[in-house]
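I've put the structures underneath this note.
Two complexes follow with subunit A in common, the first pairing it with subunit B and the second with subunit C.
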Partner chain A sequence: MIESRRLILAHFWLAFAVFLGAMILGEWQMVIRSPLHAWINVPEYYYRSVTGHGTVMAYVFPLLVAMGFGYAITELSLKQTLVGGRWAWAAFALVVVGSISAIAAVASGTASVLYTFYPPLIGSPFYYLGIVLVVVGSWIWVALMAVNLHTWRRARPRGQAVPLAMYANVAGAALWAWTAVGAALEILLQILPVSFGLRHTIDAGLARVLFSWTLHAIVYFWLIPAYIAFYVIVPRAIGGRLYSDVMARLVFALFLVFAMPIGVHHLFADPEVGSGFKYVHSVFTAMVVIPTLLTVFTICASVEIAARLRGGAGLLGWLRALPWKNPAMLGLTFSFIMLGFGGAGGLINMSYQLDSTVHNTQWITGHFHLIFAGAVVVMYFIIAYDLWPHLTHRALGQLLLIRTQLWLWFVGALVMTIPWHLAGLLGMPRRMAYFDYSNPAIAPQAWTVVAAVVGGAMMLASAGLFVLILVRGHRGASIALPEYRFSVAIHPTAAVPKALNGFTVWVSLMIALTLANYGVPIAELMAAKTNVPPVFYDNR
Partner chain B sequence: MTVAGSPGADAAERFERNWAVVSILLLAIVLGVIAFTGIHWATMPPSGIEPIDPTTLHVSGEFVEQNLGAEVRSDGAIVVRLIGQQYSFNPQCIVVPVNSKIIFRGTSADVVHGFLVTGTNANAMLVPGYITTFTTAFSHVGEHLMPCHEFCGTGHAAMWAHVRVVPQDEFDRLIGTNARGRCD
Partner chain C sequence: MKYLRSGRSLGTTAPLAVIVIAAAAFFMGFYVMPDGRSQGTVWQRICRAAGFVGSRPRTVVQTALAGHTKVVVPTAAMEVGTPRQIGHGATLALRCTACHGAQGVSGADAPNLAGQYSEVIYKQLVDFQRGDRADAVMGAMVATLTDQDMLDLAHYYAYLPRPEKDRPLASAPPLVRVGDPMRNVAPCASCHGSHDGKMGAPNLYGEPELYLKTQLTAFAGGSRANDINAQMRNEAHLLTAAEILSVTRHYAETSASNLD
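Moving on, here comes the complex of A and B:
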């Protein structure tokens, strides 16, 4: 039973509202740079839009989904009223104020520096302050998740297994708390003093290293709500059982450890990190394959259990017995297909040598849109559909509309991102406000930009449908709901190993490996003192 | 870790363990290949930190105007030096001989830039304050585009240069007249 319905709905509604706005910006960018439109006269508008799209999609939207979902998991899995409801509203207010500050700075054209900041390019301080407020708000959420788990533990016999959903949720919160530190250090110690005019030089290399600390693990933070849905929502929603509860905990624990010490793989082509640490980060990036492959196994097995419970038989014949019309089944399938393509691409990006073929090309844009917009956001939809009746106490229904929405998103994402991968292999650079399509070396790639317009339009239509379905959900027939349930394991777990019922080992490893893998590169750069003058974006 | 007597629990755990072993083996192979190619063929990304002051690039040192472009070093190696700045490269066109070892050395005069040479694996970042060095070779004669591939400000989309890969004799002729290989 969810008691903090208003709190959770506020998070979800703000998340989906800004998501729809950022979708419109994204599609406008696709149109304006395509051969279907004349060259943009003021490219600054394009980069303003890219900054807005990136800031919302990378920070505000996934954070609000994780926060709202986290509060819901707390009440549903621990079966206790949220502790610290006022703090939760305060955190929400900080996210709102921070977002307004950042977006206002971007909209006024004083901070078109992209969500990745790129100092020595320096924008308006209101942009960075806004991001800081959003992050501070999110840290309150992290603390609330820990406090609620602690409250639950105190009221129970020592060693009782933490519900899997809450275990995964707190793992995600801990990951976010630590991953945000890199960008926070970059903003607070490097960028803001320069943006306010207090300091007159900045180390661009150090800033890139600090940002890489955040830049990769944040992707796993986006991913965690989707993974939680794979494990604790989908098997129940399709009438199956979870294959293994302990393995699921291990997966989330491994994400904590391996998501962090790997960000330098974004800097393979950079001059400020030596090749030794580049190789080390490449190896650790590869380690993330393990929790991913374990997930693929466990979830596919859980789905097979559902099929066999529904009377499916044979080596592959059980596939026909799956509830294909169930949104959770459809969403999971789409997510896994996109995760498969995206994961294969990711192996190329993380490899020390192959990366040079694709680094900073349209391939990279294709990769993270396939993984995040594709595989992850489609599961955000499933989370919303699954929770909505419990938040509104009304029937959601509209199954045909929901299926249409999911199909549009899936096909749109593929139509947009697969051509981007191809264009990247041909050497098309990313973040271009326009292309000279009359150049014979560029003309053959023009169709990929048109494909992105078409795919983007399908995704925008899907996003609009999604919001429409949720709005209509508030006006459905009132219903009495059965108690909300998460998936249960097929073989009951006798005792969860102590290490997998807490976070001490994993959080210690996360911090130790981060310090080991980042300590030397950061210390080297601080000693080198390679400060350079800033370049102000707003021509102060 | 499951309740004893739950039918099939043992088999379930066995399958799970086998899959974990397969995953780890797969990973070991991938990492082995990366390590082997890195060590055996010395295929490595840019490495080594070399600081440089971006405010005096044009006044003195390695990146003064007359040093930019392709140079034949006394040991026969070709060194290409270039600068990225808002919103062009200097030089805007680079000429190099086909099938030769080419050492790229670049830096930025202002913000973060980057470049790639289309159709090849030449790809690097230019960060102000640091010199980027990497070694490559071009196996075909032809003209390549060389766009800036990192957001560097509102003019980013206009920042394109060229790399012209020419036969050795033509390169010798161009070097002969200019001392530095440039397209014009």
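Moving on, here comes the complex of A and C:
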């Protein structure tokens, strides 16, 4: 039973509204940089749009989904009313005010700094203050998740295991709390003084290192709601059982450990970081393979259980018995296919040597759109579809429409991102407002940009359908729902290892590894006081 | 569901495993395959792999080319001037008004200085004084100025309101907004800005057409050579006379006197 329905719906609706807006910007960008359109007269408009698209899609949208989903998990898994409802609304208000501030700065053309806001390009302080407010709001959510877990524990005899969904949810919150520190330090200590005009130089190298602290773990933070859905929604939704509860906990614990000390793989081409640390970060990036493959194994096994429960048999014959028309099954399949392609690409990005062939090319854009826009967002859809009847107390019918929406998203994402990977291999740089297609060296890449227009249009249509389905969900027939359930493990778990019922070990490792892998580069750059270029004001 | 009370093994084996992985990664990254392995002692190589500045190769400073400008623009030139500096600059500027206009807007095809970026004005003044940019009038005008005088003049002119705000880049000639990549001509706007300001390049909107044309021609012929990395000479010599006319007209036509 969800009691904070209005709170959760507010988060989801704001998330999906800004998502649709950012989708329109994304498709516009695809069109105007393609051969279907003349060169854009004012490249500044392109970068303004890219900044808006990135800021919404990277910060506002996934954060609101994680927050809304987190509140829902708290009430559904702990079976208690959310503690600190007023604080939750205050956090929501901060996210709203912060988003408005940042987006207004971008829309007015004073902060076309892209969502990574790499110095020495500096935009309006309203952009950075907006981001800070969004982060502060999200930290309130993090605290609420911890407080609710603590309240639940106090009310129960010692020794009762935390429900898996809540364990994973709090792991995600802890990851976010720590990973946001890097960008927060960068903004507060380095960027804001410059943005307010108090200083005129900035150590861009240090800023990039601090941002990389946030930049990669944030990706896993986007991923965690999708992973939670893999484990606690999909097996139940397709009529199966979770293969292993303990394995699932281990995966989320390992994400805490290995998501953090790896961000320097974004800085392989940066001279200010030593090669030793680049190598170490590369090794730890590779370690993320462990929780990823554990997930692939556990979820495939869980799906096989569902198939066999439905009468499937044989070595691979059980695949036919799966409920392919079930949106959760479809979403999971699409997500895994895209995660597979995206993960293979990621192995290339994380390699110190191979990265140099694709660094800062369209390949990278292809990679993170395939993983995030593809594999992760498709699971956000599934989360919304799964929770919607429990939030609206109305039937969410239109299965055909839902399947169409998911198919459109999947095919659109592949049509858009696979050609981008190819374009990157051919050397096309990312973040370009226009290309000179009459240049014989560039002409063979033109079709990839047209493909992105087509794929983007399919995704935009899918996003529109998604919002339409949810709106209609508010007008469906009123229904009495059975109690909401998360997946249960096939073998009732007799005992959970103590380390996997809490976060002490994993959070300690997360912090220790961050210090080991970031301490020296940050301290060294702070002490050296070199690389201090004058800044470029975007709002001059 | 209860948790396993005796299950402390994971809580100790997991950190141990992570420590082993970290130790192996650091050993590989810092000892086995360090940066520039053939040079220096083991300790120097480890420091280099950790990215310490002292172990990095020093930046090679290239010798100045003939006619190469030697101005180092201090951050003081990029900041907004204090009222005292602006006032002093305004007093000094009285000698400039005959050509540059009483409010920094010229009636004599000399550059309009009102609202121009301070570091741009400062650099040109220093170049004139040191002879890196040749002009019979300006050379004499700046000869006696101190460095502080030049800074204050720059702050004064930067403080004056720019007469023209509207920058219709959408109607600009292709050379201004996208350049001509096939000939390696960069767009003017990529350095001179459009909606934004770019550090180190002047704002050209509203400058007199004759002045702009003279300067582009001088860059093209090499008689003006105080662009730091020859970037203006490299661009200007690629332009035809008609192209010079089109870009100068674009920047000039947006001047205050030509706007309704």
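The working rule: the second predicted complex is superposed on the first by the 533 of 540 C-alpha atoms of A that agree within 3 Å, B and C clash if a C-alpha of one lies under 4 Å from a C-alpha of the other, contacts with A are read in each partner's own complex, and residues count from 1 in each chain.
As a working rule, a contact is a pair of C-beta atoms (placed from the backbone, for glycine too) under 8 Å apart; a residue touches a chain by one contact, two chains touch by 3 or more.
All figures in this text were calculated on a predicted structure; none of them were measured in a lab.
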Partner chain in contact with A:524 - subunit B first, subunit C second, else both or neither: both
Partner chain(s) touched by A:44 [first = subunit B, second = subunit C, both, neither]: both
Touched partner set for A:434, first subunit B, second subunit C, both or neither: both
Touching partner for A:497 - first (subunit B), second (subunit C), both, neither: both
Touched partner set for A:275, first subunit B, second subunit C, both or neither: both
Which superposed partner A:353 touches (first subunit B, second subunit C, both, neither): first
Partner contacting more residues of subunit A (subunit B vs subunit C): B
Touched partner set for A:509, first subunit B, second subunit C, both or neither: second
First, second, both or neither for A:297, with subunit B first and subunit C second: first
Which superposed partner A:13 touches (first subunit B, second subunit C, both, neither): neither
Shared subunit A surface residues [contacts with subunit B and with subunit C]: 43-44, 112, 271-276, 278-279, 283, 287, 434, 436, 439, 492-497, 524, 528, 530, 535, 537
Complex contacts: residues of subunit A adjacent to subunit C: 39, 41-44, 109, 112, 159-161, 197, 200-201, 253, 257, 271-280, 283-284, 287, 434, 436, 438-439, 492-501, 504-506, 508-509, 513, 516, 520-521, 524, 528, 530, 534-540
Residues of subunit B defined as touching subunit A within the complex: 1-4, 6, 8-9, 12-13, 15-16, 19-20, 23-24, 26-27, 30-31, 34-35, 37-38, 43-51, 53-55, 86, 107, 110-112, 114, 116-133, 143, 145, 147-157, 160
Of all residues in subunit A, those that touch subunit B in their complex: 43-44, 46-47, 50, 112, 114, 116, 118, 120-121, 203-205, 208, 243-244, 246-247, 267-276, 278-279, 282-283, 286-287, 289-290, 293-294, 297-298, 301, 347, 351-353, 355-357, 359-361, 426-427, 429-436, 439, 441-442, 490-497, 524-525, 528-533, 535, 537
Contact set on subunit C toward subunit A in their complex: 1-5, 7-11, 14-15, 18, 21-22, 24-26, 28-30, 33-35, 46, 48-53, 56, 75, 78-80, 169-172, 174, 177-178, 181-182, 189, 193-199
